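In what comes next, subunit A is part of two complexes: it sits with subunit B in the first one and with subunit C in the second one.
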Partner chain A sequence: MTATVQRLQHVEAPTPRHRSTVGLGLGALVLLGVLAVVMFVSITIGARGVGLHTIWTAFTDYDPSSAEQTVIRELRVPRTLLGLLVGAGLGLAGALLQGVTRNPLADPGIMGINMGAAAGIVVAVMLFDGISQSTSVWVGFAGAGVATVVVYGVASFGREGATPVKLALAGAAVSASLYSVTTGVTMSDLQALNELRFWQVGSLSGRYLPVLSQTWPFLVAGIAVALLMGRSLNGLALGDDLAVALGQRVRLTRVVVFVTVALLGGAATAACGPIVFVGLVVPHIARALCGPDYRWILPYTFLLSPIILLCADVLGRVLVSPSELQVGVVLGVVGAPAFILLVRRKDLAQL
Partner chain B sequence: MTDRTSDRLQDDRTHDLRAEDLTLGYADTDVVSHLDVQVPPGQVTVIVGANACGKSTLLRGLARLLKPRTGTVLLDGTSVHDQRPTDVARVVGLLPQTPVAPDGITVADLVGRGRYPHQGWFRRWSAEDDAAVAQALEATGTAELADRQITALSGGQRQRVWVAMALAQDTDLLLLDEPTTYLDINHQVELLDLLTDLNREHGKTIAMVLHDLNLAFRYADHIIAMKHGAIVTQGRPADVIDADVVEDVFGLACQVVPDPVSGTPLVVPRSRHHVRALTSEAESPAAV
Partner chain C sequence: MSIVETPLRRAVRAQRRAHRARTTTITLVLVAVTFALFVGTMMIGSYVLSPWEVIGSAFRLTDDPSVDFIVLDLRLPTAATALGSGLALGVAGLVFQRLLANPLASPDFVGISGGASLFAVSAILFTGWGAVTTSAMALLGALLASIAIYLLAWRGGITGYRFILVGIGLSQLFTALTGYVIARADLNDAREAMTWLVGSVGSAGPFELRTLLVAVAVLLPVAFVLSRRLGALELGDDAASALGVRVERSRLGLLALSVVLVALATAAAGPLSFVALIAGPIAVRLVGNAASLPAAAFVGAIIVLTADLVAQHALPVALPTGVVTGAVGAPYLIWLLATVNREGRGG
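Let's look at the complex of A and B:
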C-alpha cells in the first residue's frame, strides 16, 4: 500500500494497473495451456481408445480404412472444435450481455435466444412435417435471431432506448410467449416434441462435422468481435451518462453488442441446444479472477468457457462409458454445486 | 509539466460552450424552451432553481446527454452533435448526479477510466495517462486511497474520487450535476473548495447545479437562476441576487443579507414561525 502511494507521487512510475497486468497476462497463458491439454484429452478419450500416434497420422497420412483415424477426423476433432467454439461463444455472449445490461444474471437466455431457437425448431417441424438435421440448425438460428430482434425492438420503445431493465423485462415477456407457442405446438405434434427433446438437453453428441461446418463462420466472427469490445464495455459499466460524457457512442455500442450476442448465442444454441450454465456462470468466474476490467474479463471468459464445457463433455463420456451423458446434464449436475461453493467462498463481484 | 499547465491556462480561454435557442424535453413535455445561454470561460458558473425548473436538464443538454428539440449546443462554434464524441470529451467533462462504480473496482482503476477519450484502438495506456491519473489523485487528495475499493469508501471520499476521475479526463470544462448531494456540510464545503482550487489553479471552467443557495452564491462567479425552463436572471451573485429574485425563483419569502464570512448574498428565509418581534399574532404561537 505505502509503496503504491510513493510510486504515485512520482509521475513516471507505473500505477497498480501495470503490476497486475503482468499477473493477468501470465494467468491467461496458463489458461491457454490448460485449454490445449483439455482439447487434447477431449480428442483422445472416448468409448474407443485412441493413441497419440493415430491422431498424428489421421491428419498427416489419412487412411480411410482405419476406424480409429476416421473416429478422430469425423468425430473427436470436430466435436472438440465445436466444444471450443460453442463454449467460447456462449461464455462471451453471457459476458457481453452482463456488461451491456449491467445485470449480473444476464445470459443469452434472457434475450429470448433459447426460447426463440426452440420455437423456431418446433414450428418448422410442424409446418413442414419434419425437417432434416441440418435444417434444424438453421431454423433454430433464425428463431434465436428473430427473438433477439423482437426483444431489442420492444425494449427500445420510449425515450431512453433499450435500458437494462427494459431489456430484462422484454426478454422475460418474449421468452414467456415463445414458451407458450413451443408448448402449444409440442402438445399437438409428437414429432416436434421428439425433435425438441433431442435438442433441448444441450448436447455435443451426434452430428459434429455438419453442425461445425454450418456454424463455425458465425461463431468465429462473433468471438472476434466480442474480444474487441472490452474497452466499450468498461465505458458502459460506468452508466450511460458517464459513458457518453467520456465520448463513447453508447447506442452504437449497444447495437454491436446485441448483434454479436444474437450471432454467438443463436449459433451456439442452434448447434448444441440451450446450455445455460456457461453463459451465466463463466463470466462471473472470470470476473472473480481478474476484477472488473472487461479487457481481461473477455479473454478470460474466452479461455475458461471451452475449458469448462469440454471438461463436462469428457466427464459425460467417461462417467457412464460406453454410453454418454449430455454435456448440459453434466454441467447442471456438477457445475451448479461447484458454483454455489464458489459463491459462498468468495464474494463474487456483481458488476 | 509547468509548461503544459500554462498552455492549458491559455487554452481554456478559447473554449466556448454555449446553447442557442435550445429546447430540451422528455416524452411530450418541453422542460427547457428556446434558451440562449453561455458558460463563461474560466469562471465558476452555478445554476440554481426550484425542483423541476430544468436546471439539471440544461446541464445534461450542455453535456450532450440529451438531443435538442430545437437549437444547438455549440462548442467553439460547432454543434457538439456534429463533432466526434471523443473530441468533445477531451474538452468537456461531466460528473453525473448518480454515477455507477463497477463493483470491486479500485480507486486508481476508476480514475484511470477517465482517460477513455485520450486513448484509442491503437493508442492504449501511456505514460501521459499515468501522469494524468497521478495528478488527479493528488489534486483531490485521494492518492493514499489508490488501492482501495470504491465500495469501502465514505460518501465524501467517494465523491472526491469521482471528481478525480473527471479530472483525469483532463478537460478544460467540467460540468457537475449536484455534486454535493448526499454529502455532510463539511464535505460539501470541502468539495466546493476543491472545485474552486481547480478553477483558480488549473484554470478549469466549471459549471454545476447546486441545491444549497448560500453555497451557490458564495462559490459562483456567475449565477444562473432558472424557473419553468427559462432563465430569470444571471450574472455575478452580488449584482443580481436580492430578496425579490429569490422570492420569484423559489417562491420563498426571505431576506438577503451579506454573508458574514464571504460577503456574498446570504438567504435568510422568512418562515411562518420563529420570526423575531412578532408577538401578538394569534395564529403563530410558536413565535414567542
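Let's look at the complex of A and C:
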C-alpha cells in the first residue's frame, strides 16, 4: 500500500516548469549584456585591430586623418548596427510568422519572402536603370509582400490549412521560380551580375552607411510593431475561436502581422540580401528558454537574433581573414543542421 | 463454382479496355509529338531544312555532307540533350512525387539538384578540367546529397514528410554554399557558373550526352518495370509488404534510379528547373496513375524540347533553356499548389 502511494507520487506528472517573471527579466538582462559584448567584438575585430579608447574618441573627438577612427565611424559601427537591426528584424519576422501561422517551420527565408524581396529588387534594378537605393527598398517590400501572400495563401488552401510541409514546399517552390527569374534577368548584364553575386548570398559587407541610413527607419518601425504583438499572438495560439471569444480581432491581427513581416523581410533583404535560418531557428531557442508566452518570446528573439547574426558575421571575418565569409553562408552552414534537428524531433513544437 | 458472365462484369471489363485503349492512344500521341518536336528543333535555324533532310541525315539514311554538318554536328547534340534530359527528368520527377506521396516533391526542391549544382559549380570554378569533371561532379553531388537526405531523414524508416523537410533544409545549405563559391570566383568564371546554374541544353559535351543517352536507354525500361512496385508502395508500407513488396528495398531502388537520372540530366543540361515537377502531374492528368511513367517521360521531353525551341528562336535574344522552363513553370506551379492543396494532397 505504501509502496503504491510512493509509486504514485513518483509517476505524478511533472508540473510544467514555471518560469518566474523575475527570472525571465534577469535572463533578458544577461542576454542584453551578451549582445553588448558581441557588438563590441564585432566593432573591434577585423583586419585592423582597435581598442575601446579608439572607439570612444572616434565619436567624441573625431580626427578625420586617423585611419582607425574613420574605419570605426564609416565601416565597423554601421556594419554592427546593420547586423543588429537586420538580425532582430529577421528573427522577429520568424517569430511572428510562427505565431500567426501556428507552424513551427515558418520562416521568412524558408517561405520565400526574402527571395521575393530579392527578386523584386533585382528586377527593378535591371529594368529601370539607375534606380535609387531608397526606391529599391520599396520594391523590396512589394516583392516580400507578394511572396508572403502567394506562399501563405497557396499553402493554406485545403482542409487542414497550412501544414509545415505544405508551407515549406510552397516556399521552396516559389523561391525556386523567383531564383530562376532573378538569374535570368541578370544574365544579360555582366556588371549587375558582379554586384548581385555578393548580395545574393546575404552579406553585411559593402556600403554600410548609405544602406543603414536608408533602411533603419523601416527596420526600427517593424521591430517596434513586432514587439507589441505578444498579447495578440498569445490569443491566436489558443485557436481562432477562442481568440475571437476573448475579444480579439483575429483578422486585423493577421493583417498587421503579415504587413510587419513583409516590412521586416523586405527591409532586411534590401540591406543584406536573402538570409535564411535566423527567423526559423532563433524563435525556437527563445521558446525553449522562456516557454510559450509570446510576450517573452518576442523580446528574447529580439535579443538573441542579433547575437547569432553578429557572431556568424564575426566568425566569417575571422575564419578566412583577411578576406571574409558572407554572413549568409555562415548561417546557411550553421542553420541547416539546426533545421534538420528540428525536423527530426518527434515532438516538433506544437504551436 | 464457375465464373458467371454478369452484365456488371462485362461493363467493368469494357470500361477497363476502354481505359487501356485511351492510355495507349495518348501515350502514342505523346511519342509522336516528341518525335515531331525532336525533328522540328533540328529543322529550324539560320538555315531551314526540310523534315526529310533532317530525318535522313539524323538516322544516317542519306549522305549529304552539308546537311550532315548542320544536323549531326550543330543541331543533333542540342536536340538529343533536350530529348534525353526531358525523358530522364520526367520519369525521375514522377517517381519522386509518387514515392514521397506529394505532388510537389520534385527533385528540384528536395536538395538533389542543389547538391548537383554545388559540386558542378565548384568543379567549374576550382578545377578547370573541363566538362567531363563537371558532369562527374554533378553526379557525385546528387548522389551524396540524396544519401545525406536519406540518412538524415531515417528514423526506423523513411517518411515522405521527413524526407521532404530534410531535403529543403539541405537545399538551403547548398544554395548558401553555391552562392559563396560563386562570390569568391573570378568574374568570368562566375558568369560561366551562373549560366550553368540556369540550365541550357546547348552546352552539353559529347561525353555527358552519351552517358545521359545510355543511362536513359537502360534505366527508363527498368523504371517502367518497377512502376508496379511504385503502385504498391503508394498503398502504404503495410499494404505494400502484405502484397509481397520489400518496402525499403524497393523504395531505395526507385530513389536511386531517379537520383541517377536527375544527376545525369543535370550534368548534361544543368539544373533545368520545374521540368521534373511539371511533367508528372500533367501525365497523371492525361492517363491516370497506373500507366503514368512512360507518359511522364514523354511529357518531360516535350516540355524541354518546346522550351528549347522558344528559348532559341521565339525570343528576341537567345536565352538559356532554364529561363523558359522557369518562367513557364512558375505560374503552373502556383496553380498546381492551389489545386493539390484544395484536394488535400499537399502534405
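Quick note on the criterion: the second predicted complex is superposed on the first by the 246 of 351 C-alpha atoms of A that agree within 3 Å, B and C clash if a C-alpha of one lies under 4 Å from a C-alpha of the other, contacts with A are read in each partner's own complex, and residues count from 1 in each chain.
In this text, contacts are C-beta pairs under 8 Å (C-beta built on N, C-alpha and C of every residue); 3 or more make two chains touch, one makes a residue touch a chain.
Treat the numbers as computed from the prediction; the structure is a model and nothing was measured.
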First (subunit B), second (subunit C), both or neither touched by A:Val244: first
Superposed model, subunit A: greater residue contact from subunit B or subunit C: C
Partner chain in contact with A:Gly291 - subunit B first, subunit C second, else both or neither: first
First, second, both or neither for A:Asn234, with subunit B first and subunit C second: first
Subunit B versus subunit C as contact partner of A:Gly335, first or second or both or neither: second
Touching partner for A:His53 - first (subunit B), second (subunit C), both, neither: neither
Subunit B and subunit C contact sites that coincide on subunit A, given as residue numbers: 159
Residues of subunit A touching subunit B in the complex: 1, 4-5, 8-18, 102, 159, 231, 234-235, 237-239, 241-242, 244-249, 287, 291-293, 349-351
Touching residues (chain side subunit A, partner subunit C) in the complex: 105, 109-110, 150, 154-160, 163-166, 168-170, 172-174, 176-178, 180-181, 183-184, 186-188, 190, 193-194, 197-198, 200-203, 276-277, 325-326, 328-329, 331-333, 335-336, 339-340, 343-344
Subunit A-facing residues of subunit B, complex: 1, 26-27, 60, 63-65, 84-90, 92-94, 96, 98-106, 108-109, 112-114, 116-117, 119, 121, 125, 127, 130-131, 133-135, 137-138, 143-144, 146-147, 169
Complex contacts: residues of subunit C adjacent to subunit A: 102, 104-105, 108-109, 152-153, 155, 161-162, 164-166, 168-173, 175-177, 179-180, 182-183, 187, 190-191, 194-195, 197-198, 273-274, 277, 317, 319-320, 322-323, 325-327, 329-330, 333-334, 337-338, 341-344, 346-347
